[in-house]
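One chain, chain A, appears in both complexes that follow, with chain B as partner in the first and chain C in the second.
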Partner chain A sequence: MKAIKLFRVKREKRLNRSMAGNTLLFLLMIACGLAMILPLVMVVNNCLKPLDELFQYPPKIFVRNPTLENFSDLFRLMNDSWVPFSRYILNTILITGGGMLGHVIIASLAAYPLAKHRFPGKDTLFRMVVLSMMFSWTVTQIPQYVIISWLHINNTYMALILPACSFGMGLYLMKQFMEQLPDSLMESARLDGANEWQVFWQIVMPNVKPAWLTLAIFQFQQMWGNTGSTFLRDEELKPLQYALFQISAGGAARAGAAAAVTFIIAAVPITFFLICQKNVLETMTTSGIKE
Partner chain B sequence: MKEKRKLTLTQKRGLKGYLFILPWFIGFAIFYVRSLIMTVEFSFAKLTVSPGAGGYSLEGKGLENYLYAFRAHGSFKQTLTSSVGNMLIDVPLILFFSLFMALLLNQKFRGRGIVRAIFFLPVILNSDALKAAISLSEAMMNGGIATQAAEVSGAASSVLAFDLDYLINMFVNFGLPVKVLSYVTAAVGRINDIISASGVQIIIFIAALQSIPSSMYEVARIEGATAYETFWKVTLPLVMPHVITNMVYTIVDHFSRSDVVELAYSTAFTEFNYGLSAVFSIISTVVTLLILALLVRAIQKNTFYYN
Partner chain C sequence: MDSTLMKRIKLSKSSYLMIAPYFILFFLFTVLPVVMSIFFSFTYYNMLEMPKFVGWKNYVKLFLEDDVFLTSLRNTLLLAVITGPVSYFLCLLFAWIINEFKGWLRAFLTLIFYAPSICGNAYVVWNLILSGDRYGYLNGLLLKLGILDEAIVWMKTEKYVLPMLVIVQLWLSLGTGFLAFIAGLQTIDKTLYEAGALDGVKNRWQELWYITLPAMKPQLMFGAVMQITQSFAIADVSLQLAGNPSVNYAGATVVTHLLDYGTVRFEMGYASAIATVLFLLMVGSNKLVQKLLGRVGE
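Showing the complex of A and B:
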């Protein structure tokens, strides 16, 4: 009896994480993390380098004499642009924000019945969603263009926002998370007299907040990288990305401005990610039901 | 009096469900179903873009494109098999790695937000916009970074190659099956790809871990479960449905970056052979779908659903 007890204690000690195990995991994470952060370190340092350091050979990772010259260069170039620069920023906010909000809301709305209701045609619809995700949409630029012209939304924001709203990925992600919610949660809300609309907004959505915040991060990233050059022809409609590329593509003399541009393009989605991640953590501590 | 057929409660709810789906479905039908149908049409025809208001004309060719793709095209079959093979190697590795990382990043430690952001970086850095910007600034620095990187990797590979050969021989002598060994070496060679392809998966797994009710862990602790037991009996079963989610995402993501898609893209936009390119994308989509269906079925059997 005693031997068995001793054995158990020993086994537990081995299986619970030890100090050495923690250190090992920590080292592993540092190694992986370093590999990932290196390009960003380069981007940050490059945007602070004066021109002579940018062209130094062999290049150094870290900046010697940090300067904000690159940014002032960039702002000066911005002022020279044909369309006021604030217009580009507004365009980007509208396109990225519209595409992200539209996608999250519409996909969540559609995911709720797919996850929690029973109706004919449900499985077929879901299979179609998976099929649509597998298809390589880069190849379908011609049909996309024909459809956009057919709808007469060519050369408007809608040409970028509407297709983003109804992509299958968000629906799939939201459905997988909503399926995990216990039915009793919704049932109790219905017994208290909530209609489906209220159940959706007040019960389902708050409980899958990590899921839709994840989706928002994901979609923001997708929309942010969009230069919109296929569908937008007017200069007044083009997003920030496009303008920044125009500036940085001006040859070696603009290398500094280009480095600053790279920094801005990287910094915004990272900031957005940090904000969203923080909210994911704050909400989930309170969820869960008592049976 | 009342001729109207009474609907049951669940049927009524189902009807409301259609209303919820409608906005999404309209967009889906217009943008995606329609362009899918058009792509299928293209695959049976020869497409010529005619100048003017976005016009094109189709000339029916039957199965000719399909036959050409399989019988005459130089690289399609090899590209397809190698892409599928790579996918089969990468997908399990990405899934294990991202689950492992999510478990680590889900723990409480200082600076967790920053560390998570670091692991999400590859996704951000992989975007087209940023890649273009970075390569632009690299090109402007007279390719200094590129040449140096090539020198370093050249030197490293000559050192590594010696060690690898030695190690592989040693393991073969120990009697390890060559197939296992080649899988491991292929995996090691791709560590960077795997790490940088698992950003979104880590996030999905973290969200999945966050949505496990804390009462589950409390019960496990009260019952005296060790951390090891808690993982296998509580965490893994509850995360299992999201393993499928992540697998689907990984396959989609991997596929969209694979050589087959690149081949289809270049066929369409540098050789302007839209019909053939449509055939490539349809065939590769069907193949990946089949693989996906098999894998999902295999995992779903062992999955526990909360309700």
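Showing the complex of A and C:
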């Protein structure tokens, strides 16, 4: 019922839409969606499977006797851990949060002058950022390691956070979105006496909300997936991802806990993703059509 | 001349202050490592001894002696030329369709299409599908339908490796560019559509070409660069599904070759030379693509 209502409201509001076109695109979406949803379906079903179903060959996609045993197994293993598990969670919050917030803020701050100011060196700097994304990351890792040791930030959170703040992609993304803002928007704020710092926070950032929410998703995923094993030696500094991998690497006896781990590792960024995507949309409903 | 430049630099003080935090980190952790890597490409460097300067030797070896590199270069170009444009088009198409939906429904639809990039088990799924015995989902299906008489070991049969990699890569393609397009569609000024309707835009396809695409040109450029960096760097899919070395190097790509030298043989100088060649390849194709994108909406 709700879907039908949604559809009708849209048909009334939207320009240039035909029923035939809507149906065609909708069918295409369903067909492709079924092919894309498979990994999601498998993660959820696997974590609910009892051990005998997990070891079944050939594996079935859907679970027959769902159980939460895998999670209780996992929590038991977590309690046995040498470093309290809450410490891993704290590490992850600091590393993921720091790398994400740091990058979004620093890259946006740099993207604004590159998009809207005129100053010597601007084009060269921007070109360098774009080109930097084309150099293979595998090779630059070694020099990066050397630089991190040289700065004496090895074995600290900063060894993960600072390089993450310098990724090229975020700056490029933010700059592209800021470029679209009409100059008049910033000009009127300046006439009202706002300085560049205020223009950035009060005018520019709210207007490119979809961009930084998207960047936050990318950066969250990137940081969340980092086990930190290259730079962090102390067990007390290592992130959740590392501890979970240690558990799931424990062989066949831990297959159940491993399935629960896979679920948790996917579920956290997915939750973050959904919250961000929902807000990307809300920008539209407030700035565009109102119901 | 010089004094006016100094004056302009002084006048732009606030701009430089704003870009400073990012660019200090950028030079330290991105530019410097790239410059060092390019330097290493002219050396023999095994990560234990100091690098020894060898001039163009790595590059000469790469193009004249290394058959596997030439195979991997051919595979990479083939994969990039096929998956690059198709992925890009799919990202745009699905972002555009999803843009018609609202609320949580829209967020979930986005999640479904982004699922392969976020779930972390994409290759597990494909290893099940492409499994070489008759229990593999693809073999099972084709046997049941009577198309096959016996199971095919898909990823160990030379002629199937590349086509399968193309399919899986396309399935994986709704990533960075896709989300950037979705965000880009949100920032288009809605009054443009009303103005367009008055100017004679009659259906969604005209609206797409004459209004939507030109309005999101910056995102299209961004998507193109991301697509290039992904298409030329295809490696994971090959390592996970075809293995390394793959059967008769049918799945070898420039980056799998690079990983082989960088992380298995510890020949960092040679790996850096591969990275530099790949870099030049991407820069070249970027120039070409940016020129093509300049024509959107004309």
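Following the convention adopted for this analysis, the second predicted complex is superposed on the first by the 262 of 291 C-alpha atoms of A that agree within 3 Å, B and C clash if a C-alpha of one lies under 4 Å from a C-alpha of the other, contacts with A are read in each partner's own complex, and residues count from 1 in each chain.
In this section, a contact is a pair of C-beta atoms (placed from the backbone, for glycine too) under 8 Å apart; a residue touches a chain by one contact, two chains touch by 3 or more.
Keep in mind it's a predicted model, so treat the numbers as computed, not measured.
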Fit or clash between chain C and chain B when superposed on chain A: clash
First (chain B), second (chain C), both or neither touched by A:Ile106: both
Which of chain B and chain C A:Met36 touches, first, second, both or neither: both
First (chain B), second (chain C), both or neither touched by A:Val261: first
Touching partner for A:Asp183 - first (chain B), second (chain C), both, neither: first
First, second, both or neither for A:Gln241, with chain B first and chain C second: first
Partner chain in contact with A:Leu54 - chain B first, chain C second, else both or neither: first
Touched partner set for A:Leu27, first chain B, second chain C, both or neither: neither
Partner chain(s) touched by A:Leu68 [first = chain B, second = chain C, both, neither]: neither
Footprint overlap on chain A, where chain B in one structure and chain C in the other make contact: 15-17, 25, 29, 32-33, 35-37, 39-40, 43, 57-59, 106-107, 109-110, 112-114, 117-120, 125, 128-136, 138-144, 146-147, 151, 162-163, 165-169, 171-173, 176-177, 179-180, 196, 200, 208, 210-211, 213-214, 217-218, 221, 225, 262, 265-266, 269-270, 273-274, 277-278, 280-281, 284-285, 287-289
Touching residues on chain C, where the partner in the complex is chain A: 5, 8-9, 11-12, 14-16, 18-19, 21-23, 25-26, 28-34, 36-37, 40, 47, 94, 97-98, 100, 102-122, 124-125, 128, 135-136, 140, 171, 174, 176, 179-180, 182-184, 186-187, 190, 193-194, 197, 201-204, 206-207, 215, 218-219, 221-222, 225-226, 228-229, 232-233, 255, 258-259, 262-263, 268, 271-272, 274-275, 278-279, 282-283, 286
Touching residues (chain side chain B, partner chain A) in the complex: 10-11, 13-18, 20-21, 23-28, 30-36, 38-39, 42, 47, 49, 53-54, 56, 101, 104, 113-125, 127-130, 132-134, 136-137, 140-142, 144-145, 148, 192, 195-196, 200, 203-204, 206-208, 210-211, 213-215, 226-229, 238, 241-242, 244-245, 248-249, 251-252, 255-256, 261, 264-265, 268-269, 274, 277-278, 280-281, 284-285, 288-289, 292, 305-307
List of chain A residues in touch with chain C within their complex: 3, 6, 10, 14-18, 21-22, 25, 28-29, 32-33, 35-40, 42-43, 57-59, 106-107, 109-110, 112-114, 117-120, 122, 125, 128-136, 138-144, 146-147, 151, 162-163, 165-169, 171-173, 176-177, 179-180, 195-197, 200, 207-208, 210-211, 213-214, 217-218, 221, 225, 262, 265-266, 269-270, 273-274, 277-278, 280-281, 283-285, 287-289
Partner chain B, residues of chain A touching it in the complex: 12, 15-17, 25, 29, 32-33, 35-37, 39-40, 43, 46, 54-59, 106-107, 109-110, 112-114, 117-120, 125, 128-147, 149, 151, 162-163, 165-169, 171-173, 176-177, 179-183, 196, 200, 208, 210-211, 213-214, 217-218, 221, 224-227, 241, 244-245, 248-249, 251-252, 255, 258-259, 261-262, 265-266, 269-270, 273-274, 277-278, 280-281, 284-285, 287-290
